[in-house]
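Below you will find the structure I want to go over with you.
A, B, C and D are the chain letters, set down in written order, and residue numbers restart from 1 in every chain.
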Amino acid sequence: MNSPDTNDSHTETNARTRTETHTNEGSAIVPMKWVGPIHVTGNTVNDKVSVPLATFESPLWPSAQRGARVSAQVENGIVATLVDERMTRSILLEADDAPTAFKAVQRLSAEFDQLQDVASASSRFARLIGLNHEITGNLLFLRFEFATGDAAGHNMVTLASDHLMDHVLTTVPGLRYGSISGNYCTDKKATAINGILGRGKNVVTEILLPADLVDDQLHTTAAKIAELNVHKNLIGTMLAGGIRSANAHYANLLLAFYLATGQDAANIVEGSQGITHAEDRDGDLYFSCTLPNIIVGTTGSAKNNGFVADNLGRLGCRDEHQPGANARRLAVLAAATVLCGELSLMAAQTNPGELMKAHVKYERRPTT
Amino acid sequence: MNSPDTNDSHTETNARTRTETHTNEGSAIVPMKWVGPIHVTGNTVNDKVSVPLATFESPLWPSAQRGARVSAQVENGIVATLVDERMTRSILLEADDAPTAFKAVQRLSAEFDQLQDVASASSRFARLIGLNHEITGNLLFLRFEFATGDAAGHNMVTLASDHLMDHVLTTVPGLRYGSISGNYCTDKKATAINGILGRGKNVVTEILLPADLVDDQLHTTAAKIAELNVHKNLIGTMLAGGIRSANAHYANLLLAFYLATGQDAANIVEGSQGITHAEDRDGDLYFSCTLPNIIVGTTGSAKNNGFVADNLGRLGCRDEHQPGANARRLAVLAAATVLCGELSLMAAQTNPGELMKAHVKYERRPTT
Amino acid sequence: MNSPDTNDSHTETNARTRTETHTNEGSAIVPMKWVGPIHVTGNTVNDKVSVPLATFESPLWPSAQRGARVSAQVENGIVATLVDERMTRSILLEADDAPTAFKAVQRLSAEFDQLQDVASASSRFARLIGLNHEITGNLLFLRFEFATGDAAGHNMVTLASDHLMDHVLTTVPGLRYGSISGNYCTDKKATAINGILGRGKNVVTEILLPADLVDDQLHTTAAKIAELNVHKNLIGTMLAGGIRSANAHYANLLLAFYLATGQDAANIVEGSQGITHAEDRDGDLYFSCTLPNIIVGTTGSAKNNGFVADNLGRLGCRDEHQPGANARRLAVLAAATVLCGELSLMAAQTNPGELMKAHVKYERRPTT
Amino acid sequence: MNSPDTNDSHTETNARTRTETHTNEGSAIVPMKWVGPIHVTGNTVNDKVSVPLATFESPLWPSAQRGARVSAQVENGIVATLVDERMTRSILLEADDAPTAFKAVQRLSAEFDQLQDVASASSRFARLIGLNHEITGNLLFLRFEFATGDAAGHNMVTLASDHLMDHVLTTVPGLRYGSISGNYCTDKKATAINGILGRGKNVVTEILLPADLVDDQLHTTAAKIAELNVHKNLIGTMLAGGIRSANAHYANLLLAFYLATGQDAANIVEGSQGITHAEDRDGDLYFSCTLPNIIVGTTGSAKNNGFVADNLGRLGCRDEHQPGANARRLAVLAAATVLCGELSLMAAQTNPGELMKAHVKYERRPTT
């Protein structure tokens, strides 16, 4: 019997054979434009930066551009605070019973430094920084949290978790392999755990806009935006049965940013869970977007070539820094971009008919 | 004062000026391969079809290919049942108070045929087929459900909702414009409402695999897959605080399929909410993926050119049919593709170390 | 082999024998006080009514009393709008496969009037008014919606669903019994479906308080309450991973009201899911509580005797009316009571230290 | 202007005056029976104990009794593992902006021992054992975790949080009072955070039943129960949009147990969130209930008198022990009781018609 991988590649070859007359096999092409410059300040980035957005939704560019333009007109621009970063993988173990699972947790917590050694031995960059667990019946979910340098870290944490799984199975009695991923990570699913425990970069972006700028550039008022945010993003999403999410269209911006920077764009599923909060401060607008789960990297094979390498370089995310600095910069730029687009769409939706008009003008369909 | 759109395009021009030396502005490029043929039967597609997947995650191709290969080895292949289709937009209205909102709902429900006329007048293809509502305090959410032919329909339903908004505001007293989208739709957010009330195409895919095929091709057993599905996809996701979702990596497959067919890939946020259900039937494997929210279209400007038009054509989704038939075919092919990848990854995760080995082999990072 | 029920009662006798020296077997006793009168107007109740609250949390009485007092000081008091009522039970069926399940759904939808006849034959009061369904793999969930007169209806809908189950199994091929309850109902669990599709009475309560009353009686401002509601009830609950819920302590009020009126108080689980919405209207306070899932009844064995019968009688919920009128009145009184307590606690929490002081004063622990 | 409390008590007196002819003001009475003995072993309780259940749902007693009877027939009975305990309160602060909130978090984390001192000074029993936080825009949620001895701890943690709030506001610049409770605790709401971070006692209960016992006593098979659990509790609840919950009727058992032991029964809202997991082990039944959020106490004013004191005493929960031991015993007994009722109902639902027959026999309405 051949290994699955051998079979896979054989079949893949066959598939290619079957389709060899198709010249379009090579790539999907998504239109891309640069938007900006966005003015960003804070604990990670202090710069004016244009960002690339790849999307089939052409109204997204002018929408984000409007936000960028506004950011350039206030002193501190968008203040972006990176408050956390970690990447996770949960393994699933079957214990003989809950007492065995509980003993295992107690032991592994006490021997956390050993786990750290195992993780560090698996990779130059992976560092185990946290351990969460949950016992349900005889099932034991262990959720490992890692620092992963400039990598998004999917691969790194799986490799480390493979090593940790081996270590746990050989040192702790009464446990059996369940799965290398127990969906308690959680990767590319909308859940509550990622926001509560942390996964990816957690970035809060804020901007404070004088009343006249809100009027001139956004054609609305702070009161209207704050009210719309409560009615639509908070109450509307809550009624729809949303989970830890209250925004108009983070998904659109993140998708475009991720595609343009070579990220695994399926991470928009959890990335788009975030909270828009706005306040009317005596006519001025306080507007913030909190994105607890931005998962981006600046290293890895897909990042070294072609448009991705170019774009990352132009964003200032391929410079020589301490490991992690480039990825943090990229995450903050992603978050600032989200604010630009969110602010613009929220402003548009305060005015009857404006969204549709913009879409007709740009000949494409509306978002959100 | 200029219109926002005018401003936007001016600023956009400026941004382009600033960046004009960058030759890569034109597009993001995502590697694409064809996988298949996938054997699909059921109430919509009866065919063997190869499908394009655009992804930076190279292990996805052999993974999906393994599922496709298996589908070709059983008589009915993947049985795909399309059980529903509709596209939605919720508008938000502010009423004087809840009694006013309640009266409005009663009246609009009674005059549903008038609403249908308004919707039909807005577009050649949009047909209003349902109306949901929810009252919270003095806020009224009206959720319109439409048939949209071969279009995904974002644009169509927004245009129709604009007309419906005007109609409601002019005919029903005591209501004011809130928002053209109240997040009760729900577009590109993970919520419960889309699955419960319907949004997009709802497709159930099933396959029944003899025990020896499970052993030969998937290197596992039906019992192991069924158990893993309960532990990981159902219990693991539930513990993570997931909402109406129990699967390993629908998001990966949908993203790749959507990118390769010119879809608005941000719709993977709700599209990836779905349930994998597996049973050990005396050693044979029953495996199913239910995707209630597949949002795809085969018409629109992005669909008529280049690789998208080519790919849709090759998939048989640009033939002359009754409106809607091409989009239904595309949705079913998306769902069948998801089953291929889900089955393969679930099989891999039943075996310690297999996922990592596959990723090392394909030199890319693991998924889920 | 004895029937389970026989066994059960035998064992129960044994248990009683073992415990026969305990004189306290008869009942749990929960302190009860009447609060009010609450001034209620709207489409169901126009009256000033005192309500009984049974609770171990003594601060609940003065808290609710403060809300009641305020209601009496504005012209329309609390405006309560009953916008929907229905009781549900979902049965679970296993189909041969999804195509079979889909055919069954199409047939049962077409023969809805037959289903109505079956339901009506099972009970004098049960009327089938709606049918929802969901197909996942080969599983078919049918969710029946009923009118149940003055009964909460748990029993009635189970009996009717038993008959409907028999009907479905004998008339539709390819289906097998799964469960009389598929948790898609949903009974006594916090889910999204009950609010979205309806279960129990859906009551919106609103009050409009002049600024000076807010100051005099609640010692706060409309702006403070509106802001607290956004920060705590909406954002705080969303961050906690709450589902369709944004309030401070509906559960406390509902529990006390349900216990005092002989309800099945486990229904506070879904009953406490509801949304508080507040607005600062130029200094005046608009305050509303929307409770979509109030499940109460005024008939049934527990309602005819002792304090329950007395309390229901005093509430005006045992008069001769069309079936359903008494239960609707009771639901509206429950909702109005919730508003009284919610308003009072929200006001208290705008002021540092006030909650704790109230609890120290009343020598009991704080709520929420 | 009078204080609100003074006003409250005045008005309350008026209310009493109005209703003074009603002799039933004193108390609500809920029928109570003892069920058992339940055989419990594990890290907290090793005993055979009968438990009181107060409920209007008379079928609950024989249902729980059947589970108890089964527990007495296997060697270890129900194995209950208490895996965690803590009580929480989240305070809400408004910061000048996110950077200020972030600095505050860093400082408070570094000065955790000072926070512990503040908490300890507020109460003889409260000990601060953990601190979680979340920043959203300029809002800062601090979630304090406490050990609370034998008290459920609502009051204790609010008092401690009041002190902590004062400490934070006086020592950390740029913060303002938001609320003593930010709904990030979360008290009496169904959310994800309590299970993920912990709130209350987390108890896993398990039982292993030989095939013949399943047949004789439960009239079903392990395979049927395991399958029903997947279809109904896991898939059904997931489809309904449930959050971290997969069970048939924990709420019923907890309500009855809480009422009979003088608990704040509104805590069934989060308490009823838990996962039933069952396996067919070669015909034997593995059945487990995991309840992460049991909130019970054995001290406090309501616990010292009447039936509550009697019941707690009879349960062995008023003996002289280290602080916390009595409450842990009570939590484990609650969890074991839940397993008894859950097992019995799940068994009943595997058989068509059995649930309804039981309810007809006991002349009351069905549960779940």
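In this text, a residue touches a chain if its C-beta (ideal position, glycine included) is under 8 Å from a C-beta of that chain, and two chains touch if they have at least 3 such contacts.
Every value quoted in this text rests on a predicted model; they were computed, and no experiment measured them.
Engineer: Fit chain A to chain B on CA atoms, both being copies of the same sequence, and give the resulting rotation angle in degrees, nearest 5.
Structural biologist: 180
Engineer: Quick check for the class: compute each chain's Cα centroid; which one is farthest from the centroid of chain D?
Structural biologist: The most remote chain is B.
Engineer: Please tell me whether C-D or B-D has the greater number of C-beta pairs in contact.
Structural biologist: If we tally the contacting C-beta pairs, C-D comes out ahead.
Engineer: What's the call on chain A versus chain C, same or different interface residues, using the half cut on shared numbers?
Structural biologist: Over half shared, hence same.
Engineer: What's the distance between the Cα centroids of chain C and chain D, rounded to whole Å?
Structural biologist: 20
Engineer: Can you compute the centre-to-centre distance for chain B and chain D, using the mean CA position of each chain? Integer Å is fine.
Structural biologist: Roughly 38 Å separates the two chain centres.
Engineer: Multi-chain contacts in chain D: which residues touch at least two other chains?
Structural biologist: 134, 136, 139, 191-193, 195-196, 235, 237, 239, 241-245, 275, 277
Engineer: Under the stated contact criterion, what part of chain C meets chain A in this complex?
Structural biologist: Against chain A, the touching part of chain C is residues 192, 195-196, 230, 234-235, 237-239, 241-246, 275, 277.
Engineer: For the complex, give me every residue of chain B touching chain C.
Structural biologist: 42-43, 79, 81, 83, 97-99, 102, 105, 132, 134-139, 191-193, 195-197, 202, 204, 206, 241, 243-244, 275, 277, 286, 288, 290
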